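In what follows, subunit A forms one complex with subunit B and a second complex with subunit C.
Coming up: the complex of A and B.
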């Protein structure tokens, strides 16, 4: 690079940095937006059901019924509410006062003590299917531990008391915040990375300053680099802030190394910025650039990255689409680096994918930018 | 006066619909989102990669393995003969579940002791981990009940009879797709209304509007009704798609649904107009709309239940119109809820609508000085 080119690039960088510094909205998008979103999401988004209000209907009190229902009273998962008839419980469920019903019919004790297989009615409100499944799982666990305790006490057949002994790796408490927060970082950084660059260049077009830049001796290369570098620094700053919030405020463990996190974040940031540059090359006004950035980056990162919804469970066609979503690779890396550690078999392939995507987006942005200038 | 308001409405509709790019933003993305959300946003597990380490290899353990592989929930990636590969499979995410059947499995079953079956689950996605555990437990329980009956063993004192009201197959699509009606209606209405005042302010035509004989209430009507009409239209299209394309049952009547829809769109219109009157430029309006939209979606119960949020966040959601409409749309679709049952959801939206519209009307005048 010649001395002139270095000076020109330095001048452009200075201009961009001053613009960022003087317009608080860019700083807001880079730092305030991630922090606010992370706080709202971190506190607001949890899939863990605790203290689920559940109706207990015991039509005829008995010792065996009491031994079963006491399992619910001492569970952190349930907040039992007693009803005398199933009709009352059904009404409470219709009014959303309880989310499920556990019903021991009148002949429960007699059947349990003679032939066995006494049915315990478990009725859940299936409107929220995910919540319903989790509640069913909790009831099953309560039932299995009850059977085990009963078999131990009466010396009966304990084989039926068998339930799988779960061993949950990396997140033994099965706390959904620990997995949602790292994923959120990917979603939020996608948004800030792409939105920032898309808006910035669209603004130059809208104001006509792009043409002004073109008549100077700076090359398109230099313009793009000058756009990329400050926003890369800003984005990495936002990233560091988000990680700090995750670790220090939400107490998410960071098992892997900070260096792996930094290196992969840099790759991801390049991909996101490249995407933003590409969008701004097509959309020359801020409104359209903003819209396109949200629709092509934020929503896919939210839905197709595996951050909330499991990719394996999606239809094959949709799974194929997820491969062109950069956030997908970053979410996989983040969840592993935070919760599992430096698992190279996850990090390397995903990092390579990120690098490839970054290269493609930057090259495309470069190509379209040149065409536009001619 | 009526004619002037009507003229304003027609002008607003034209402003949005005449431009090809705006039309695209209104029609294309919502439809794509409906399809993508409808198909991709599912909490139901399918094809969970599973590895099995059967140390017992008895008739009983093979029967249990067959039950796991017979379910579409699980997809076998490896039969292990060596415990050392377990860590590698889980770490690299090639298996989300490793089922380890102990050497004593059949023996313990026969002698009436709990036979150890271990499930090693990848907890990096804790929701999936919980669901996998639940599925595994169900399969094991079914196996045990059948086994006990076949071997003439004493039946357990009690068994669970699991039933789900309103959604017997517990399909999460039935939960998500009605939610999309609320989600997309809010996005579209907010986009149309949120930019309407800001656009005129930026071009300076809003001051001209203010010096006409139109009262603030007329301007409010003129600005708000187009958003209302477009929102209602968009919602109707999505409701039709939910019923006819995704086959979600619509068990309740259209009257409680549309009453909720109108109140919801009015509330969102009010919020949009208030944001729009606060903003000086379209850019600011867009940012404002976005800052309202994202938390309101996240804190609405659309994907994650409000009941699981901390109490202070739950209180915050009371200000969110989408929270109420989600209960209505899901209630009408799945539970067949009527006007009376949904009354507690209607009036908060009406109140939010009134307050935000009043605020917008007041801001019209205030911002000009």
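Coming up: the complex of A and C.
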């Protein structure tokens, strides 16, 4: 590299650092955006049901009915809402105010006290099949434990209680968040990385500074490098922040080594920044750049990376497509490093894939960037 | 890195253009930006690339800078073919794009440092070079200031200093003077003169202000992608010798202007102060049936030659005076139609409009004149009821805008900057939409649409998409839309920005006719010459009123023995200089 090229690169890097420092938008994308998304999705996207609103319809109040319904009131999984008629409850469910209905018919107390079978009606909103299955299981569980407790208390027929088998296994010790958060980091950093480069270059187009820059001795190589280096540093900072949130806020264990995590994150960050550079080649304003970055990086990463939807259960054609989603490899690495440790048989092939992805995106960005406006 | 200076003996021009063509494609539409330009620019001189908006100036600049590729033809810059060796050319030229190419988050010194690094200026050479540039641009006291906080004129000078950090052999300036105040404009020209005379730099300067042609050594006049003329400015004005006159007569200047414009052999008639400036097709005074017509020969201007060339190409706008209908609106209350007292508008700590007062009488054309950022548009938005005032009173058509903004708006026709038409709709659809927006319907709406199509000669273009219209037609359509509800007050925000002189003349003819019919017109402009069309003027800078009065009176104040007939620009500079500066050097 000639002395002139070094000086040009140094000048561009200094400019970029000053801009990052003075205009908080890049810092916001690198640090605030991942933190906010991690909070929203970390708390919001969970496969466990908690505080599920459920309708309780007790047609004929009685001591025995109250003893059963109090189980719902004290459960961490349900938030019971009382209705007087089944019709009102069905209306609430149709409006998705409640996810399911537990119905104690008018003859519930009589039949229970007579020692006979006292059936309850359970209606579950099946719109979300997964939720429905979980709720059904919880209700059955509640019913079964109540019957067992009652049988023990009255010395009655416990066999009837055991005849209701929960269909969903319930184990409060297993928290799906531990499994989701590492994958989430990969998805969020895909967006952050692409946005960082795509938006800052689009901003230069919008403000007309790119035009002035291009009519100097600077080469397209130097322009791309001057964007890649500072935003790589910034992106890695955002990554470190996300890992800190995962470990210290969500309490996700980090079983593997920090160094493996850093090295693979660096490879992934290069791939994500490369996607951003590629987008910036044609998106000349920040709005378009932002839209394209979300649609081409965030959405595929969310759906096709395997972080929540299992890749093996996708149709073959879709499985093939997932190979071009960089987040897929990073999700595999992160889940392994966080939850299982340094499992080299998982980390190595995925790291190689990330390196290849990074090389491809950077090469494409270099090939499509031209020092011209057309 | 030292640049071997080119041998001064080389007669080779700095720039050679041969049959340069370029078109742009958006979807199925192809628009031709440059249609075969052949020209040269001499070394060590200022060449002006002059033409209205959309003429192809910026495209040509970008082609020369190697930012675009020509479809056909060759461009040689300093003897180098740009298409083949763009980077070599870029190492030897300086280019200032329209928005100056500054990093607004960086300080003045940091911007200079960046461009010094990019242009390979050694650190040892910098202090001397910076000192020279800062002295030349007057930015010395502001090196630590963030570029975004500089005024428009200072940004322009910083942009120029950045492109000059390493002295280029060819300096390309793309519309550096648009919207900049006249004082900064004058200072920029002093810098350019210094660069060419003392440093023997070659400058290519593009502008839509025709009066700047006379400051160039060499002019390339372009219009709709074609070269209309090429030569020294003196050659352009020499053609017009003996064809320009000042006319006065025993009738109002607007009537006189209308009569003269319709007279045979007259190719141009514009109001200038209390007189009318007439240009004829032949070197003979115009013959018109006007009582007490007095004609005195006037020196030709560059603009006359542009108009003559446009006419020669057959671009003849209708010569009849548009019989724009008298508004049928209910009579206005007596007294001023618009009255503004102590109007103030703050945005946080920034005072955009500071204690502005004026009144406008019925049928008057009232102009707000000033550079970008002077507070014109903010004043305008408050008058239209689009922005609440921070202080002061505002009455329009008898309504207090603080309480009855909607009622006042019903009396107002508003033509926004850039025309705000619906680009995807046709001419007829735009007319229908705006008329329904003004609550016209049924027979009345049909009648007004038909009126607009006839009056503004839009009938032939009825089905054309608004986006594809030439700029002059867009302007006409926008005016038609603003007049659909027959308002008795018309607000025009930068209405003639960048349109060619014929479209501008035609526009002012219509505005004059409306004013004659009793419509009150309020107009903002940064074109000093447009001020001549106004009955009353308000010159604004930094939110304050610098001067107010009739154009003649304002100009008279700038009269000195050395300058017996000052232009509006001279007057503007004089009022800016007057309060806080000593007599100009």
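Keep this in mind: the second predicted complex is superposed on the first by the 250 of 374 C-alpha atoms of A that agree within 3 Å, B and C clash if a C-alpha of one lies under 4 Å from a C-alpha of the other, contacts with A are read in each partner's own complex, and residues count from 1 in each chain.
In this section, a residue touches a chain if its C-beta (ideal position, glycine included) is under 8 Å from a C-beta of that chain, and two chains touch if they have at least 3 such contacts.
Predicted model, so just to flag it, every value in this text is computed and none were measured.
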Which of subunit B and subunit C A:74 touches, first, second, both or neither: neither
Which of subunit B and subunit C A:207 touches, first, second, both or neither: second
First, second, both or neither for A:112, with subunit B first and subunit C second: first
First (subunit B), second (subunit C), both or neither touched by A:8: second
Subunit B versus subunit C, judged by how many residues of subunit A each one touches: B
Common interface residues of subunit A - those touching subunit B in one complex and subunit C in the other: none
Residues of subunit B touching subunit A in the complex: 21, 25, 29, 32-33, 36-37, 39-49, 88, 90-93, 96, 99, 108-109, 112-131, 133-134, 136-138, 140-141, 144-145, 148, 153-168, 170-172, 174-175, 195, 282-283, 286-287, 290-291, 294-295, 298-299, 303-305, 307-310, 313, 327, 330-331, 334-335, 341
Residues on subunit C engaged by subunit A in the complex (per definition of touch): 1, 62, 65-69, 86-87, 90-91, 93-106, 110, 113-120, 146, 159, 162-163, 172
Contact footprint of subunit B on subunit A as seen in their complex: 25, 36-37, 40-41, 43-50, 52, 64, 68, 93-96, 99, 108, 112-113, 115-134, 136-137, 139-141, 143-144, 147-148, 150-151, 156-172, 174-176, 178-179, 199, 286-288, 290-291, 294-295, 299-300, 303-304, 306, 308-310, 312-315, 318, 332, 335-336, 339-340, 343, 345-346
Complex contact set, residues of subunit A against subunit C: 4, 7-8, 10-12, 14-15, 18-19, 22-23, 207-209, 211-219, 371-374
